[in-house]
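Two complexes follow with chain A in common, the first pairing it with chain B and the second with chain C.
On to the complex of A and B.
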């Protein structure tokens, strides 16, 4: 860690842990602000659903003791933080004996792979279009067309997802409308049928995310390209008679793209939120669907666990980008005024 | 004969400015301001149109039909289309009805302003807090600045939607105002950071030094000298905040966590999604709120880009 000053590292780590502690505390406080406690509410729901529950008072007492709700608030808080450290979010109410951690673990691979894929493609497409937009050899028609596609950027991902789902899954029938693979027909594993099925099911969700977020990168790249275009070394490169495409790639894009990497940290929160909604629309078995089903079933432990987990994931990614950045761009000295 | 031209209405055509007129003359033309750029005007036009529709529309259309059940007309299609029962659309419900017979036109007329209201309240609060904290931090510096930076950095990292989901899932019944207030709790950090960085660059400029030398109070410098110079930024920050707030609101509503007693566009999408409107091809049920929201967001984007041009002269005249 020669390049990162210790003070910067400490500050970044401090923000990371503060973020997580802050999120955990909010999530702890919120349900306790509501009237009643979660257990009574749950038993109340059960009573409504299935008539009278026998010895409901005893059940409530038992559960309260089991979840530590009979303890004082500070004591509960300390226990709760301790449980979070071990990633113990309690049990799902909806699928009772299943721990929340297991529900999340099942959904996580789908969410992560979709997120990663969409992120990389968005970054590549967005930056490429932004570069092309300012390149002097780009055909005029293309330059006029790109800003039109940017309209999608302003649209929430749910809307794009609904639009794609309706047109390509229901009207045209080119893509499936739910799940991450053809459940029941292909066997999960490393085989062609499964991989093909996963790709077919993942195309629309990924497309929805890409459509609504590439424009952000295009705009940023365009701004950076304007700056790079004014640099002296660009004149030199052209005067040397280098091939236009070589100049575009080696002189312009490679210089302009660096600040875009920091923007990753800023967009990540939006990206994660957007993906949760896209997954819900496409019934993709990731975190979005978990959260949606938990909301429907009033399954608070799962809602809390999943939200906390996604917040932690985002904070961790932001921390990584911030710590890696000085290595990617040597011009930036870490710890400077932000 | 060859030179005959159609008569030109002289009054309608503004006289072309003389070629060699001094450049500075342009400043005296009130139309020659960056505020009149095409993007900003189009965006403002779109948003005004949607808002006007909601405000004026209730005088021409019975908006009570947005929540009133009409059992005789469930799943009625928009005019010019037929539904699965082969019924043609009628002018009684020009945009069709949903599963309960709610009139979609009324839903659109009531829902769109509601959505804007959430954005407006949240962005106003967010900007207000942002101005106070951004100025305080940027101008005073020291540990106050460190603290403000720290909490805004922390809040910025948290995907607001996640906390909002937890919060809204606990609350039983929420109103539009409650929802706006909850969203506002996450709208201030970005505004704070933007304003703070502007204040930092402005703090050392000549006129601020001048004001300081002439003995102006800190408060006076901040709000009488610096604030007016930030107006384009504040507008941009406000619109960005409103866009973010509406985005969060729509996200919550489509997850079924919005206000239940008033029709909202996102809530309509949620109902339609749960009512299998997509697979059953009741496209007007989910499509109308979707298109309306999309147009709204395009309008907000255009306003954002237009304000960017004002705040950032470098972008002017470039395509």
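On to the complex of A and C.
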């Protein structure tokens, strides 16, 4: 097992911070390239909602000053970077005076729990199916059936969401059609009614994600199993007369799953941004919904805060995998040294 | 041993779980009135209606159930119904307004609602140096000072005469009115950041017959306060629903399903197809009208604004030609499937507006429902254009036209598709220019970055003509590229006729509401619009709102017209007080 050299660690950390700075700069610039600005959009919305707004120019100027949007771009940029250092993302423009941190904090637990559950289940189901697809003792009927279920992989998750919503929420009425729990009827906290409500509300969105994504893991696992199947140690294991299940688990899956674990760690980084439209369809109050709505409203601070959060998570996941890999697979050493 | 220990821990944990189960009080479905809402709620824990966060939340029950307006404008009669206020009268100079407050009004915590609350709220807006609180800029423009004459009387001393002071700010003219906040809670708080939310302390509070039970970005629940002041004061009985819920609905498909299954009682506007599906699924569902157009016209009629600075549309004859090409009946038929009506003027066609509309039409300045393409082509040819193949040409250049459209709704893009076809058929190489919502409202429309823009930029008048007409005066002129103040006169109409129009409209603006001189002045002002065509009125706006009568009846309809049906407005108190249980 390789030890991580300090120079490698420092270099890796350097790249980590450089990535974040670079990304932070991009998410500062991109929203500002769009025509219009958030304040005019907000006042425009007010105009739209209320017929007309007298004194809208005074309102626009007041708000621009409050958000520093009347300052020059370099000034805004320096202030923005300074705030990032203290993780202060400022206030949402669309929902002033709510701090961006509060908007994210309110949405994040829902997304984390829903998506983490969905991803872990997807990973487990996908890899299991991929493994038994290649296993010589799997009944032929099962082997024929698995590829058929993978037809869902080719449809977008938003369509799967609509399909599930229509059939299971509206026609059959088995699951609720929106929200994360029965708001107003159960009290959030560690109680059965609440937990049951959360599970009932999370089932369809989670299923929409699982249905469309397990196929990737299945195919990847199947490919790795083919490689493993051809290894000499497999012949030896069988020649020794080991039980088929033991061979499947100890010799095949444990070897085949290594690259899948790496891929899983990286997808964890993109976890939060993953299912914007699924959240929207199910009115699930998570990060996807926050991002979607912030983009529609050109809410710069929320877009910046949420994007910064996503980028940091991805960069962190990649860094962790890089640092952990030598421990997961002893054949690899950090920094290319052996 | 180990198994036993784990088992004991599990049992204890389970007991702990069960013991903390606390269910909110159950209310039967037939006592619950459920509304649909389609606005984005970023922060469900802000009830400061003067900030953007709280302003978003007010339409989810807060200003329909908890905060009551001082007055409510009745769209059909044009009269102002009293609510927390009993009267608001001006002096002859229209610059001093005196508000009388109803006796016996109380906040839901028991404190009396009085003149001090009104004075406190208005002074708070006057004191906002940033002018970013909702209506702060309005109050700073119009109110010199405000004082409590006695417990139930408030005097507003204005900066100048304003005949519309009451209707514009305190009578729910369109969507909102200035909401009065309780001084005993708000005093000492910073209104720019105060959230007015603390579930444990029982906040927010209002004077309305419902209080907040729970608040989430996708669902708002309000329960009836049986000690509401209105009963003891002899104002109104308690409303029938024990509970009100606002449920977030994301798509039209969901809306169709939910009201078909009676999971919501009233839904936001749907298309004709969706409405027909709903009625097939649920025969108890009705709308404003029993037959086509089914819908209620919202206050923002659709129209085209023309940028009068860009050739060849800087020529009034060319603009007139565009107007003649427009076939409004085709728009109604193809873009709206018959759910609306052609506009005859820039105004919304409510009962209270008909004296002005009738006078304009009688004077010959009204729009026709069908096109007169021959007359249009004669105008274009008189300007030196000749038809070469499909399109007009002049000096080797083809006559082109871009129609700016907000792509946020298929209503808008469908209408523009019909219009583009009409222009193309008449020989103009027209094309739609779709942009997203924030580009439309935040950049393109205000800065005049268009040749022709589809929208509702004259929207404002509902009971008097000045508010809409004022939007086209030369007072709002700004160079193309800079935002026009208030998104008014975005077409930069600037000519002798525009100056003359402005003078007449300014005169209308100084007359008291209902002054008989106004009708003639409107006709005079409209003659300039007719002569120079800065705008082309198209059709009335449409809101096809399905209500289910399975649990609740006595909804507002064209026949039962106690007021308009906009249930997301501050005026919806009237709807909630009027609905009756079906059984």
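One rule holds for everything that comes next: the second predicted complex is superposed on the first by the 264 of 338 C-alpha atoms of A that agree within 3 Å, B and C clash if a C-alpha of one lies under 4 Å from a C-alpha of the other, contacts with A are read in each partner's own complex, and residues count from 1 in each chain.
Convention: contacts are C-beta pairs under 8 Å (C-beta built on N, C-alpha and C of every residue); 3 or more make two chains touch, one makes a residue touch a chain.
Since we're looking at a predicted model, the values are computed, not measured.
Visitor: When the two structures are overlaid on chain A, which partner does A:291 contact: first (chain B), second (chain C), both, or neither?
Guide: The answer is first: A:291 touches chain B but not chain C.
Visitor: Of the partners chain B and chain C, which touch A:307 in the superposed model: first, second, both, neither?
Guide: first
Visitor: Once chain A of both complexes is superposed, is A:209 in touch with chain B (first), chain C (second), both, or neither?
Guide: Once the two structures are laid over each other on A, A:209 reaches no partner at all.
Visitor: Could you look at A:162 and tell me whether it touches chain B, chain C, both or neither (first, second, both, neither)?
Guide: After superposition on chain A, A:162 lies in contact with both partners, chain B and chain C.
Visitor: Regarding the shared-chain residue A:30, is it in contact with chain B (first), chain C (second), both, or neither?
Guide: Touch status of A:30: first partner only.
Visitor: For A:278 in the superposed arrangement: first (chain B), second (chain C), both or neither?
Guide: neither
Visitor: Classify the contacts of A:4 with the two partner chains as first (chain B alone), second (chain C alone), both, or neither.
Guide: neither
Visitor: For chain A, which side has the bigger count of touched residues, chain B or chain C?
Guide: Touching more of chain A: C.
Visitor: Looking at the overlay, does A:84 come into contact with chain B only (first), chain C only (second), both, or neither?
Guide: In the superposition, A:84 contacts neither chain B nor chain C.
Visitor: Please indicate which partner A:22 is in contact with in the superposed arrangement: first for chain B, second for chain C, both, or neither.
Guide: After superposition on chain A, A:22 lies in contact with chain B alone.
Visitor: Which parts of chain A are in contact with chain B and also with chain C?
Guide: 34, 162, 165-166, 170, 177, 280-281, 296, 298
Visitor: For the complex, give me every residue of chain A touching chain B.
Guide: Residues of chain A touching chain B: 14-15, 18-19, 22-23, 26-27, 30-31, 33-34, 143, 147, 151, 153-156, 158-159, 162-163, 165-166, 170, 177, 223, 226, 266, 268-270, 272-273, 276-277, 280-281, 291-292, 294-296, 298, 300, 303-304, 307-308, 310-311, 314-315, 318, 337-338.
Visitor: Which positions of chain C touch chain A when the two form their complex?
Guide: Result: residues 16-18, 20-24, 26, 40, 42-43, 46, 48, 51-53, 55-56, 130-132, 137-138, 140-141, 168, 173-176, 192-193, 195, 213-214, 216-219, 221, 245, 247-251, 253-254, 257-258, 261, 299-300, 435, 437-446, 459-460, 462, 467, 471, 483, 485-488 of chain C touch chain A.
Visitor: Which chain B residues qualify as touching chain A in the complex?
Guide: Touch residues, chain B against chain A: 149-150, 153-163, 165-167, 169-172, 200, 243, 247-248, 250-251, 254-257, 269, 273, 278-279, 281, 283, 286-287, 290, 293-294, 297-298, 300-301, 314-315, 318-319.
Visitor: Which stretch or stretches of chain A touch chain C in the complex?
Guide: Per the touch definition, chain A meets chain C at residues 34-63, 65-66, 92-98, 102-103, 106, 162, 165-166, 169-170, 173, 177-180, 183-187, 189-193, 195, 280-281, 283, 285, 290, 293, 296-299, 302.
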